[in-house]
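Next up: some structures, all given as structure tokens.
Both complexes below contain subunit A, partnered by subunit B and then by subunit C.
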Partner chain A sequence: MKKFAIVLLLAIAATSLSVAQDIKIGGIGPVTGEAATFGVSTKNGMTLAVEEWNAKGGVFGGRKVKLIFEDDKGDPAESATVYTKLIQQDGVVAIVGTVMSKCTLAGAPICQAAGIPMITPASTNEKVTQVGDYIYRACFIDPFQGTVGATFAFKNLNVKSAAAIFDLGNDYTKGLAENFKLTFEKLGGKVVAYEGYPTGVTDFKAQLTKIVAAKPEVLYIPDYYNDVGLIAKQARELGFKGPMVGGDGWDSPDLVKIGGKAVENGYFTNHYSPDDTRPAVQDFVKKYTAKFGQKPDALAAQAYDAMYIMLDAIKRAGSTKGTVIRDALAKTNIDVVSGNIKFDANRNPIKAAVIIEIKDGKQVYKATVKP
Partner chain B sequence: MTRFKTPKLLITAAVVYGVIQALYSLGIINGYILHIINQSLIYVILAASLNLINGITGQFSLGHMGFAGIGAYVSGTLTTLIFKLNPSIPGSYLLFIVAILAGGLVAALVGFLIGFPSLRLKGDYLAIVTLGFGEIIRTVFNNIEYVGGPRGLLGIPKFSNFTVIFIVTFLSVAVIRNIIQSPHGRAMLSIRENELASELVGINTTRYKVLSFATGAFFAGIAGGLFAHLLQLAHPTQFGFSKSVEILIMIYAGGVGSLTGSIVAAFALTFLSEGLRLGIRALADATGLPIGGEWRMVIYALLLIFIMLFRNEGLMGTKESKVILIEEAD
Partner chain C sequence: MGSIFNAQQIVNGLQVGSIYALIALGYTMVYGIVRLINFAHGDFYMIGAYAAYGAFYLFNASLGGKTGIVAFLVLAASMAASGAVALLANKLAYKPLRYKPKLSSLITAIGVSMFLEYFFSALPVIGPSYRSFPEIIPRTDITVGGAIISNYVVIDIAVAAILMVSLTLLVRKSSLGKAMRAVSQDKDAARLMGINVEKIISFTFLIGGAFAGAAGLLAGMTYPRIFPYMGIQPGLKAFIAAVLGGIGNIPGAVLGAYIMGLAETFASAYNSLIGEGISFAILILVLLIRPTGLLGEKTADKI
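On to the complex of A and B.
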């Protein structure tokens, strides 16, 4: 009888041991190649999130997380290999990755076919989540920023007329401009000028002269920082004095170098700001800086958030089964660094964006805007 | 052409195919290994076809992936946007083959158009022209909205499975081998050895250079088509200069002028790149050293330098395996 009890105890111990197995999560980012800084921030963000969860005692039933991080070099072919490796070789239960849209698009069909839930921290291409019901994203999609920019201009800057100038040959800037116009007019404002320019030009005076003549109160410039700097300068030269608004393409120290004083009184939508005073943000910035010796950028925050969203879903699922995690992801409602996250029917997050102001040549946190 | 006997290559290929398929169905090799094998096979086509241009004919092309890009985009456009194929319908594989062939033919046509003027000249002109061509192709894909522009051609159906890739690779290698070991191939070889001398013995050097270039482009286009239907997308950045250099490395590491070398190097380098991933992970786990995946490419590059230092003729030199060589029939 005693022997039997010992065997029983051993059996229980054995099963509890096997239950306490680590939960394997795949992480992917381009730590080498042209987007290496994105990859390193991504890896750091994920690592920090996993450490925090493990310090708290794991995800569920005392099961800790084992992060298996792989490099995709920012190359779709490499990305497809890495996704296959994590699923087939390592047997991960979910994947957080990857950064560049073209790489995520090479990996998403693999996850969808294998029934492995995945969440991309930073791929903004709309098509990513359209691959299937296992594919989520933690960042907002491109057009969303236009909506937020318009809401901010109308409600926070309190202007009633606006103009937009955009690159005709670039999906990103076109998408932002279109959505800005749509939302601004829906709110009751008036878009008095709406001008496109071909990719690669450096002289925007033809379009800007028209815009300035229409006397808008705000100018929307949803391009990357190098063009924005030039446009801002030329707009000021032509006598435009009002505020300017843009998207996350502005997020570069070079914006002020190119635009100088012209980009003052400029605002742009971004995923997160390290100066945000919310405790979640400050706590994250403190821990990240202590561990990695530098301030976290938007990619680090997004990767950290994406990992939190995934682990939270696994915790609520209480299971490592793909279908159960997928269904739990759909019911996500969690407060993370970039704000409260819920998912819409297309598996894109419904979340707030932060507005950053250019003040005395520095980026200053201005506000958080909900769509 | 009747004196060519293919059975040796065919039998070897059939055995290799059977073994891999058996190991996969027994679960000894998983989907990850099979994926690397698939990629290696596509690289075999790319390396073998570039070897025909650079190794056999002695020209220097720097834009080989540009032709793969043409193949990828043409076949991808056909299967995705025009035929709107779905792999679950059995007959669709026929149209897929048509699309892949169309990709190869368009690539060959472009190769002919580029090669015809530049190959009439002697010297490094081809290298410069192909370098420019590779960049132009990338820019063209970037600016055609119909095929996705800078976002790439997405949602390509997954037709490239192990069987398809294996058969196409086998056929490509067999054809390239037959060309090399035919009188045409001898003519190409003579151009590599001495262009002036081969002209003097009556070889139309321009004709053979263009022929080799267009044939190489054709197979690169085929490989590009397979790649697009394996990854399920075609993106302009996949076909740039740095990718062409990867193929160049393969033929130099394998041995310029050796078809066997191209096959060996395509497999060895693809598996090495993935093997280092696992190796570095194992080393880091065992020793606790803070070495991450980013060291993989450093070691990979070092190994390549060592190959070139200690075996600068490449792994195979100009030697061919017995399987590749054709025996004269009685």
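On to the complex of A and C.
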């Protein structure tokens, strides 16, 4: 009965659309609640993308985009409600959202069941796209950063031996470390030390002494900034002088506050940098800053990209039918702010990551690395 | 094996042990006098770290540059703050339950501990998130026999040693110490001898708290990241150290702390998971094989 109702609503929505000519796209983000800054950036990014497409004359056949944006408050229950509302009440043809993985996981099955293509701009949890073939994402998943970190260390820093230290109790840091090791060894490098530590400790010297004794040229620390600061400090204390590499967990001003000089000569993988010199990035930063009065963060860039990817697929599909859009999404090959994007078989993007260097206590754009 | 048992790992272990030792001293003193396992002791350590943090920014503004004086004032502030909180905890929470069943005080101690943790996270000036601890003394390194020793390691061990020796002298040589020992042996007899038992207990809490405060400062300097729950883990480890050495016994607490520091370091170097578990394995072994601890005297019941 429910399925029938959805089909009926979709049919009504489809007929009304052909009359109105506007293509309705649902946008979702946590504009209020614990991740409010994420939501605001997401909404801004999507709004800017939609405006640009409409200024160019719409998606296909002169049909413009109507963005219907809903706030999920960072709450999975709320998220399920707004997904359902967008699909059943507003009759959107596709959804771009949402941010937090737990919320996206609540919404993705609804999209999958209704046959509505969906792309999340920022949910990194691997499970999200496993929900089904209508679910895509615009950001890379966590383990991917380990691969990029290893490639950067091997090719750009030109080192042949590495060590990794990671939190045994955290899937994020473990996944990054495992993928770093795998890729670094595949490239021909040697991982001379691979040490874990339990969650919540402050003294890493036992493990670091072992690591320093193995004489690695680079140290991979894929943890969050507050642990990284301590680890970096203790590693330097024990005489490690080489570069350090990490993941997007480093992205906080507190990293330098805790780590001080120890985190200099440190590099981390991130989704995007406003200092990236590529014209696409600079153009986006200029337009976004002019419209919203502040520099776009990674969330804004990802939301902008996600909207572009979805609209591009609809344009190539030349239709608002879910199955056709879904098939078009699979064939995506588009240049957006965060680089060229294609999808792999699991509907995760194959894209480049940016490397940010810690230099004189500041984050400086260093390079863009392709996997 | 060379990277597990070497001079550097011994230095690492001694540094960890020094911080445990300062916390363990407070545990053992309080237990020795009032037979109370003061679970809030780890939180006195946290308060010491925050007091040092505040004091540094306060004094550094007016005395910037004079590192030695600032460091001394910061140490005094951290010890004073933790000592005061310990004194207050004794007055408000433990004293009313002094002659009630021991379990009441034990549970109250857990309550005091949680209260301090959550109250401090709720205070806007402290808050629940991590803070970076300032570099009070510039760090320098020397290399001795293949081991890199920073001045922080030297400071940690030296402060711990100085405070331990002064405490031992106080307890063994002064009349106050004599009174403390008397109270620890028999409160009623001590009272009959004209000793103000409550005053001695208060004094014990003050000293124990002050030592935890000093440990908080040292930990803040060594691991420059502080937060309201930082006392839980070291508090637990220090408690095990005190039990290992023989709870109630001052040299025992120090010995236990250094054994724990070294055991943890060596075990972590061998395998991190073993490193985290070894302290608890030690606790179980001690309780099974020698419940009185290494240097402890036989008593009828522990808790």
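FYI, the second predicted complex is superposed on the first by the 351 of 371 C-alpha atoms of A that agree within 3 Å, B and C clash if a C-alpha of one lies under 4 Å from a C-alpha of the other, contacts with A are read in each partner's own complex, and residues count from 1 in each chain.
FYI, contacts are C-beta pairs under 8 Å (C-beta built on N, C-alpha and C of every residue); 3 or more make two chains touch, one makes a residue touch a chain.
Predicted model, so just to flag it, every value in this text is computed and none were measured.
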(request) Specify the outcome, clash or fit, for subunit B and subunit C once both structures are aligned onto subunit A. (result) fit
(request) Give one of first, second, both or neither to describe whether A:Asp335 is in contact with subunit B, with subunit C, with both, or with none. (result) neither
(request) Would you check which partner chain A:Asp71 touches, where first means subunit B only, second means subunit C only, and both and neither mean what they say? (result) first
(request) Return first, second, both or neither, reflecting whether A:Asp22 touches subunit B, subunit C, both chains, or no partner chain. (result) neither
(message) By the touch definition at the top of the document, which applies to A:Asp344: first (subunit B), second (subunit C), both, or neither?
(response) neither
(request) Go through the superposed model and pick first if A:Asp254 touches only subunit B, second if only subunit C, both, or neither. (result) second
(request) Identify the partner contact of A:Lys233: answer first if only subunit B is touched, second if only subunit C is, both if each is, neither if none is. (result) second
(request) Considering only the touch criterion stated at the top, classify A:Lys85 as touching first (subunit B), second (subunit C), both, or neither. (result) first
(message) One more residue to check, A:Ala213. First (subunit B), second (subunit C), both or neither?
(response) second
(message) Under the stated touch criterion, which partner chain does A:Thr32 make contact with: subunit B (first), subunit C (second), both, or neither?
(response) first
(message) Quick check on the superposed model: minimum Cα to Cα separation from subunit B to subunit C, whole Å please.
(response) 10
(message) Counting contacts the way the document defines them, which residues of subunit A are shared by the two interfaces, the one with subunit B and the one with subunit C?
(response) none
(message) List the residues on subunit B that touch subunit A in their complex, please.
(response) 30-33, 35-36, 39, 143, 149-152, 154-155, 158, 227, 230-233, 235, 237-238, 274, 277, 292-294, 296-297
(request) Sort out for me which residues of subunit A touch subunit B in the complex. (result) 31-32, 36, 43, 69-71, 73, 75-77, 80-81, 84-85, 87-89, 101-102, 105-106, 109, 125, 127, 169-171
(request) Name, in rising order, each residue of subunit C that touches subunit A in their complex. (result) 2-4, 6, 8-9, 12-13, 15-16, 130, 132, 135, 139, 141, 148, 150, 152, 219, 223-225, 230, 233, 264-269, 272-273, 275-276
(message) Taking the touch rule as given, give the residues of subunit A at its contact with subunit C in the complex, in rising order.
(response) 168, 195-198, 200-203, 205-207, 209-210, 213-214, 226, 229-230, 233, 237-239, 254, 257-258, 260
